[in-house]
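Below are two complexes that have subunit A in common, paired first with subunit B and then with subunit C.
Here is the complex of A and B:
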């Protein structure tokens, strides 16, 4: 039975310089108990579509549609008062992306949860409280009754998102819209939340619209998929159809961009989609994907492709799909491959981290004593010439603190960090800049908004007084070419560039002094998949061409598998396992690494969300457990783990910090 | 600013092949300035006032100090009883009001801009230090700020001027030294935010010194806020001067200044309101033009307005 049926939904935004057609003629149906996933890159209009349904768009936006049928009623012409009292938040609920900001910090959880139903007099106060407790238990929050009087800051990010889900369920909605519900969460938490959502959706028979940029998530948990590009649904179909036999070239391009965990030894370059998303101003004259599509013919630029329904119930917007469909499906695995040998022989050690610890002291209140917080705990790592070492771990495990010390931004108080066998404190800061350079996670905060791109990239040269002005300009232009930035960006300011272009600028700035080591802190996590693929390819090329050594910090194991030669896994400030890429990805020994591997949601249509062998939440770093730091979450923990703290033991070039494994060996 | 739209953000559908005419940043800046009406108006008025101030003897029809008691309180030319000899009439001592207004431009501009600049240097340097270094430095500077805020400003000004002795420069200095709290508060919080940006960490890993980072990375990002506060402070400083003059410890009569003219005019305000209205209007024009110019400079230099 159809729950929601949208026909030709369009959203126009009036801007100072014209009208932006952000959503164009989007149509789809959703049955009761069914989940549709909408994927697309940022700016493709996927969030606007859902906000148009909830009437949450800004005043400058106009929504038009031939029909929006929800629960057997046309909701488009419904007056605002009735819409608010019957539909919005009642029959239709929304879960937002950012759990840290979507709860009001000054009201208790219980008050926020019961507010809606009490306001609408659906329940009496005791009933509403009972329901809230019930739902909190259902979403997996322990001691639900006592949580009601707590405030948002007392809960972790994962718990808040669970509360948001429970809150959305209070009114027993028929449709849930989840807009990137897990993007802000750690991978290990992401899987749990998604599993919960799928489970609840099926159990309560709700329809669900899941909006995300993460194709892995979509492929595993939804029934239907809609792929959005430049405001249009370019392809819809069942998950199996879309992921295994894509009809639209854009879908194919997206699928090829994803770094995969399955592939081994040979490292194919990731597929990329050249070019950038078109401007959505003005009237569309041809296929919006035409300028980036490898199959474009003149025909594509002449008329707007209509939505075509195929025999097996899918839709697509591609004029040449008859001719190219078979080609697209077949050519899925024939990306060009570059053979990079696994680093068998290791070069000289360029960066040596030896027994480094970092402790911060925090005060809970003015009167309490200072408590030690061990952010980095006795870490030793060796970075060899021209290798790519990846450091993996959940947020809060001390990755960034360690990287700051390696860059010399934070003092090394315990232990030693040496670059080319001289301690980092003894190296002059100007010389240090020639040895190690960073690339940061957020391309929006890593460029000074008051400097042009040219000035930003030139700054290191200027500061180090390398060459005269003309030779500097030449070097800047060469470096821009190297990272794929066109010349005309020289006088442009960062706010005129996209995220991927900004990240290229950051890479160019890091490269221009030709340092030995590049330290990347989550270099792609803020970027779209197609851009991520471009940046990863670029980093790989640069390593091959310039013989750079990379130290990469990330939580994305797909990225790690694609680019790393060696991997170190970090948990609560300690290194728990190191080894070559193959050893860690395919033969991990430590239970934590195994859990991390399980939490990777690779493309697998209908694969479902796996259960992760990980108990409990991330522990409080102020209150470290006894024995093995991981034992409270470890499902394989044995008695001894609670008493003894394991050492990092080396075997066959890999290191593991686990009593279990060390005992088996004995 | 549709007329000054940049070519690079044009139609990305054909972006990769499109040939664009390269404009240097200077050309683009000139274009943006030309497209900004407020900036041009404000700038013209300020330049005009400066010229009037510098060449006051050439513009003024009479000696601003000459008192002709028989011609006291002549109304301006447009009201009954006015004469073309005294276009804006005369004050209670029979001095030509237009000449006094013209000469007063000097003092008012000097005090307004001078005091606001003195305050800018004090407030911004302390604010950036507090925001960037944090910790003890921040505590100390915040303490100084609290002290400053809890002192009765006017009383302090009076005491200072009284002890040092009244002169234009002393008034500028004293008003500036006491008007920096806005600068401090705003630049402190902005510097705190900017400190955490990745581009600061990037600059540090290039090897830049603290001073270099403050000057080259943080200060340019504070310009928008500083300009806005500067335009406000210009107005405040001129008003502070008129308050001092009213109390008799600011600019000493008979030196013509707009503040003093307002103060002197207050006595006869109900019978000859133009005595207050005319210098008031001049003050209004000056502050308005300063605001227009400040907003304009901010608009044409801020990178976020360049799309």
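Here is the complex of A and C:
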């Protein structure tokens, strides 16, 4: 039974300088109870497609389609009043990406959950309330009844997203559209929410459109997949077909970009998709992927590839599919491999963090007493020359606070941090800048918008008075070359660059003084997968060429596995486990590390969402648990864990803070 | 909620006390009260006598506490200039100012909130442009000029409203329009920008995805959030108007607190000026307190946060 059938959906956005054809001729069908995943990078039009279905687009957008059949009815020409009272929010519900801001802050959870069904008179007030409680319980919210009178700000991000899901289910919709439902959440929460969505979808027999950039998620939980590129669906098919035997070169490229946990000590270079997405203004003359495709021939630039249906029910938009299909499918695993040897012998210690703690005092109101919040708790780490040490942990675990102290941006009050054996507070600020340089997460806000790229990269040289103007320009150009930025960007402002290019600028700025250590705080989390792959490859090359030492802070274990030589895992301000990449990824000991590993959703068509051995939510750092800080969430916790706080114990070059292992040894 | 209320109330009390100290000390230091009573060119001996008689020779903090104690007993002092108890003076002038202020703030609300809302809903349309240019010109037009123009047009030329005075309701229409119009630009712009912010927020998108649209979306989901900052500004504006507008009251010959203040200052009547400053400040404190409470009622993050 077809639930939704879209034919040739297009969305045009009117901008000041012309019309942007953001979605072009998208067609797909969805059966009852079926889940389709739409993947694509930012700007590919995947969100606009769903917004167009719900009529949520701004007035500047025009939607056209040959047909949009939903629940046996053409909904395109339905008048707005009927659409609002029967379809939007009733038969078709939507879950958005930002749980923190998607609920109205001034109304209670109960009111927001029940208002639609009350407005449309689907239920009486007591029935609606019962249903709301019921659904909240279903999505795993404790004390559901008492939550109804609470307000959004009293719930955590994960809880709010659960409320959003329950709210979308209130009207018992036939179709749920989930737009990046878990992107803003921590990895450990992500898996739980996804599992819940899939489970509920199947149980209630709803059709679902899942929009995400996360291929791991898609591969595991959807029945079929549509890959979007530059406003077009370039390929559709069942999950198994698309992931194991891609037809379109873009799909293949995308799959190769993903850092994988399965790969072992041989770390192949990530595949990348060179070039950038074409401008979507004006009329399309050829295949929109032609400028980035390795198989491009002249015919690709001459005509727009039509949507082709294959014998096994898939569709694709590639003119040369017949010739290259076998090659694409076969070459999937034969990426060029460049081996980066693990740092076997450890170099000298360049950065030494010794028993560092950082406590903030927070006051809830001017009359209450100050409460200590231990953000960093007795952390010791050694960073050796030319290694890549990754610090991993959930948000709020203290990673960023620690990194600030390492950069000298926050005072070290307890313990000490030494760079090349001299305490960081004794090092002159200018000299410190020559030793350690940061690369931050968000390349959109970390570059000064009023300075050209050249000026931004040159500034450290001017500040340190290195060389004359001409030699500075030469150094800037050389560094730009090194990070893969063309010279023509020298006089360009950041707003004219893409996210990946901006991150290259940030890297160039950090590199220009040739510091010993580069500290990266989530260097790729704001970037698309294909760009992320480029940046990770670049960082790896730079390490090999320049002998740099990297300290990388991230929550993405795929990234960690790709680039790190050593890993430290942090939980509630403490280091709970350290070891080589191999030790942590493949033979982790600490239950927390193990849970983190489980929450990584690698590509596995039909793999389902694994259950994570992790209880409860992230604890309140103002109210630390007794004994082992992890014991309330640990499924392996034994009696002693509640009483005794474990020490970080070293065995065979790795450290673990867990009583389970220390017990066994005794 | 109770905690929030107590905290805000306590803060308001502290502010009121600080203001009373400032009002008392400043005026006593700036002007010699004995000299003011005795009048210019008075005999120095007489001045000394008055100083002793009224107790101005004592340390200032003693005088302050005495003044404060009397205040708590409802004794607001005696005006030298009007030869009347200050309390009586203020009470007799207050109703006129209160009526003017309330009518003026009504004018502000009735013009600026609908206009701001319309401008936000139709951003960059003709009505938005008109609203914004009206705001700019209204801000540029001085109050006294607008007042005089109104009198010339509506009282002299067309003779719809009385020229001046405060006897009937009709007397208040022109001055309250003039006084209310002065707050329109700020409030309108705040309404417009606040609503624009809210309308582009994620929770409005959520509400739209739940099938809310048009006026229902505006009233049930957007307005409450958009009005939070407007409430605070309106309270301040009302506080200002309750303090009496010297200019507007003078132009329309309205015998309110503004006029009383002006004449007391000119007459060097320290007790009256002192008390007026204190009353004006207190009005402000109470207004902001009310605005805080109203906002707490509207916004659970303040109430429960």
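What we mean here is this: the second predicted complex is superposed on the first by the 666 of 666 C-alpha atoms of A that agree within 3 Å, B and C clash if a C-alpha of one lies under 4 Å from a C-alpha of the other, contacts with A are read in each partner's own complex, and residues count from 1 in each chain.
Note that in this section a contact is a pair of C-beta atoms (placed from the backbone, for glycine too) under 8 Å apart; a residue touches a chain by one contact, two chains touch by 3 or more.
The model shown is predicted, which means the values in this text are computed figures rather than measured ones.
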Request  = Could you let me know whether more residues of subunit A are touched by subunit B or by subunit C?
outcome  = B
Ask   = When the two structures are overlaid on chain A, which partner does A:154 contact: first (subunit B), second (subunit C), both, or neither?
value = second
Query = For A:315, is the partner it touches subunit B (first), subunit C (second), both, or none of the two (neither)?
reply = neither
Ask   = Who does A:438 touch here: subunit B (first), subunit C (second), both, or neither?
value = first
Message = Which partner chains sit in contact with A:103 here, subunit B, subunit C, both or neither? Use first/second/both/neither.
response = second
Request  = Have a look at where A:93 lands relative to subunit B and subunit C in the superposition and call it first, second, both or neither.
outcome  = second
Request  = Mind working out whether A:459 is in touch with subunit B, subunit C, both or neither, as first, second, both or neither?
outcome  = first
Remark   = In subunit A, both subunit B and subunit C touch residues none
Task = State the interface residues of subunit A toward subunit C in the complex, per the touch definition above.
result = 54, 56, 80, 84-85, 88-90, 93-94, 96, 98, 101-108, 115-116, 119-120, 151, 153-154, 164, 167, 365-367
Request  = Show which residues of subunit A lie in contact with subunit B when the two form their complex.
outcome  = 16-17, 275-279, 291, 404, 407-409, 428-430, 432-433, 436-438, 440-442, 445-452, 459-460, 463-464, 488-489, 491-496, 506, 509-510, 513
Remark   = Listed in rising order, the residues of subunit C that touch subunit A in the complex are 3, 7, 201-203, 205-213, 216, 220-221, 224-225, 298-301, 304-305
Request  = In the complex, go through subunit B and note every residue touching subunit A.
outcome  = 2, 5-6, 8-9, 11-16, 20, 22-25, 28, 197-199, 201-208, 212, 217, 220-221, 223, 303-304, 306-307
